[in-house]
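I have placed the structure first, in the form of structure tokens, so that the comments after it can refer back to it.
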Amino acid sequence: MAINVTVWNEYQHEKTDKKVQQVYPEGIHEAIREFLDEDGELNIQTATLDEPEHGLTQEVLESTDVLIWWGHMAHDAVEDDIVERIHDQVLRGMGLILLHSSHYSKIFKRLMGTTCSLRWREVGERERLWVVDPNHPITHGIPEYIDLPHEEMYGERFDIPEPEKILFLGWFEGGEVFRSGITYTRGNGKVFYFQPGHETYPQYKNPLIQKVITNAVHWAAPERKYPKYEAFHADNDVEWDDFDYLGDTPFPKFG
Amino acid sequence: MAINVTVWNEYQHEKTDKKVQQVYPEGIHEAIREFLDEDGELNIQTATLDEPEHGLTQEVLESTDVLIWWGHMAHDAVEDDIVERIHDQVLRGMGLILLHSSHYSKIFKRLMGTTCSLRWREVGERERLWVVDPNHPITHGIPEYIDLPHEEMYGERFDIPEPEKILFLGWFEGGEVFRSGITYTRGNGKVFYFQPGHETYPQYKNPLIQKVITNAVHWAAPERKYPKYEAFHADNDVEWDDFDYLGDTPFPKFG
Amino acid sequence: MAINVTVWNEYQHEKTDKKVQQVYPEGIHEAIREFLDEDGELNIQTATLDEPEHGLTQEVLESTDVLIWWGHMAHDAVEDDIVERIHDQVLRGMGLILLHSSHYSKIFKRLMGTTCSLRWREVGERERLWVVDPNHPITHGIPEYIDLPHEEMYGERFDIPEPEKILFLGWFEGGEVFRSGITYTRGNGKVFYFQPGHETYPQYKNPLIQKVITNAVHWAAPERKYPKYEAFHADNDVEWDDFDYLGDTPFPKFG
Amino acid sequence: MAINVTVWNEYQHEKTDKKVQQVYPEGIHEAIREFLDEDGELNIQTATLDEPEHGLTQEVLESTDVLIWWGHMAHDAVEDDIVERIHDQVLRGMGLILLHSSHYSKIFKRLMGTTCSLRWREVGERERLWVVDPNHPITHGIPEYIDLPHEEMYGERFDIPEPEKILFLGWFEGGEVFRSGITYTRGNGKVFYFQPGHETYPQYKNPLIQKVITNAVHWAAPERKYPKYEAFHADNDVEWDDFDYLGDTPFPKFG
């Protein structure tokens, strides 16, 4: 079954910062699209901040099964009503994958209800990502750990609700640890936050990081989207669906 | 150690509905204050919607360890900036206890990130609250279950993030079940949602319900409030606190 | 990818009790095999208590991806070393689905570490199974609830470790509730306990119950089995896998 | 309310290894007793492997509210029936605190149902213990992290069931991370595993480590011990406790 993926990137650093241009000349979204494209089951489109409605019209979102999000310097430039639109879709079942600095995006904070603050340092230190749950669909095919020669440090305490599952724990050379790969369910939607991906390091060209994100797309894809859930008034006449698989009910009735 | 409790009630039904006046002539907040007052460790004040700033000024909240919330028909009348003020306090460590229809309050939805919708029916049916976790501070002294002869039905699916702990499961005569007593942590704050307490039934006069709420106040009280957590920039020169408990360090150093 | 399923049934009631024979003339295992057989991806075999090694030789288990277990009156007759053999396989990744009275099987208690006791009553009362998590692979295609006209009552408190996920909550006519569908991970193995299936009621002929079990087989199937995990001695010379995706590493090194 | 604490130590290394004798001349159990003794609410006794019944007679355990366990080289020498005796007490409500290499004790494996294996290395490297949950009773009074100049490395993957709460994450100089402080509930008993405490390093003389263990004793102490939980047969005549708090029930009855 085909999965419709929309890769959203704020796409600002790549336009102004030479170091980032070197790493991602076409933008982070294109780097992500490129490796996802190798998976024949995925239909991929991209969207960026500067497009009308940030490229995330109601139509685009309706047809999106999984939304991937990368944002950093322009979180505040994302319109509140677009955030609500995404929020509605997640609760209805759209999968959401948040990368790196997207921990501070409006949509992640909206879903978590906390500050999502953390400890950070940008000196290009080494990170080692340990797999804590090796038989989860997202960690399939990943070895005991992933080494990243250079990454921005994100450390505890990460102010988030307790994750449903911790899949990766990050070790940083400078002395910190981090819950680097975590899952949540919100409404009918599956949410995965994955820490690697500072814009000046080529993490999205690392085949293991690519594997994790591809796995996550399959995991987060919903069976279907549900209508928005509203309080449901169950009236007095409870209808008991008293069907009988054998054609009769020869068993004593209680009460 | 004394605990400062603020009991907040929207206090609308009691002013207009005779049936409610019969049950709670002084308002739900006064009924709650009354039984909490029997606990010598608690300093209790009340606040209501119609007071200036809903009775929840910055000063009141600063000195509040645990906030109890009852709201129903006037959720929308609660000002957004007061909700943010409460939210800040919860993340800093203030305990929050949400009763009955407060599942739909702005502050609960803000903390949960979901619709918090549910199934409901108001016919005065019987509820039985089963204790699922008997050795939790909130269920201490509670028998195997609590019988409520009449209660509004709240049923699954309750659209909430997976609770940290399910303490009570509710059984309703008409065929529904509900996660009736659940806990969360958000930031440094402890949150307890407890379903009983429709305004026309005297649940807050039931000594077992009173015991649960009193227990919850003690459980939710923070050791202290923390400053609001902001992203913390850890600089390059990691200071290792290399103290030595024995006066020397005779062990081989790694690396 | 084909999944090898072994359906294990203690197969005692069916040999001696006429009422059970009427419902399951070929045994519960054959009823389960029958509906699983409609799924083209599954290779199914059965095993029963009275076979040598209970039909669960090392060879059989090695080639089993998912083991389904139904036991009731003869839990004690299951040999301890076979239980250890199953336990090893679960930790290595074999999925395990435990049905109804198998909550009291040796293997479930071995994996849980608790008594797994519960409240029960056998009067053929009605059960309603509410879906709490509609977007989980195991609940796909299941409506808001499943009605069972007659079932043995299993009620709280169920003495189990807190489940990873509660998928179904059961409502019973006589006043009880139950965590009727729950998941765990133990080692690399996925575990699903599902309460319906007393031997005198035809639950395994109910298409919705069949759908849940079929879904659970797909969910529990491992990507692969891992070697048994032993404490791993990491020696002093940590080998840093300092590969470089771009052919060079132009970034400042930390420390 | 006084809490009865029993500190159990296998007490083998201290008798044979000079390095350990230097650090703990009276044994690890006496070092733990010493700092716990400063808490006026605690009544402390010790027990060791070489005593009759390992010092854990039925009488001792009956009167123990919280058992602290340190074992390493002699796990197998602990008698199975004593392990079952401890297990029964935990399920009935006795708190259990497992230190360091006790992750491999029979009682911990019995309660977890997994191998409890991990990665390890003994070179005296530095550990930093990060507090992940600052408003938990066990982390009260603990700063952002605890530095241990030298500790045995315990690293992921730690083969345990998903903890109820992760309170500490450990960072090790050599490149590993570890879930170093974790909680569980088993039956009515609270369980805390805390990783620091290799026998050649004086962790139990570190005031912060002492604070964590003292906090954990208070957290793990039960309100009371429950009878051992057995399957409970609820008979047909469900007794409804139809009491009425107001002297009458003027509300319409459902159904």
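Should a chain be cited, it is by its letter among A, B, C and D, assigned in written order, with residues numbered from 1 in that chain.
We adopt the following convention: contacts are C-beta pairs under 8 Å (C-beta built on N, C-alpha and C of every residue); 3 or more make two chains touch, one makes a residue touch a chain.
Everything numeric here is computed off the predicted structure, so don't read it as measured data.
When each chain is reduced to the average of its Cα atoms, A sits farthest from subunit D. Interface comparison, B-C against B-D: more C-beta pairs in contact at B-D. Taking the mean of the C-alpha atoms as each chain's centre, subunit B and subunit D sit 29 Å apart. With each centre defined as the average position of its C-alpha atoms, the distance from subunit B to subunit C rounds to 36 Å. Listed for subunit A are residues 123, 134, 155, 157, 162, 174-176, 185, 236, 240, 254, each touching two or more other chains. Touching subunit B in their complex are the following residues of subunit C: 128, 130-132, 134, 144, 155-157, 162, 165-166, 169-172, 175-177, 179, 236, 254. Residue ranges on subunit B touching subunit A, taken from their complex, read 87, 91, 104, 110-115, 117-121, 123, 153, 155, 157, 159, 161-162, 164, 174-176, 184-187, 228-236, 238, 240. Residues of subunit B that touch subunit D in their complex: 23, 93, 123-126, 133-135, 140-141, 147, 149-150, 173-174, 185, 188-190, 200-202, 205-206, 222-223, 226, 240-246, 249, 251-255.
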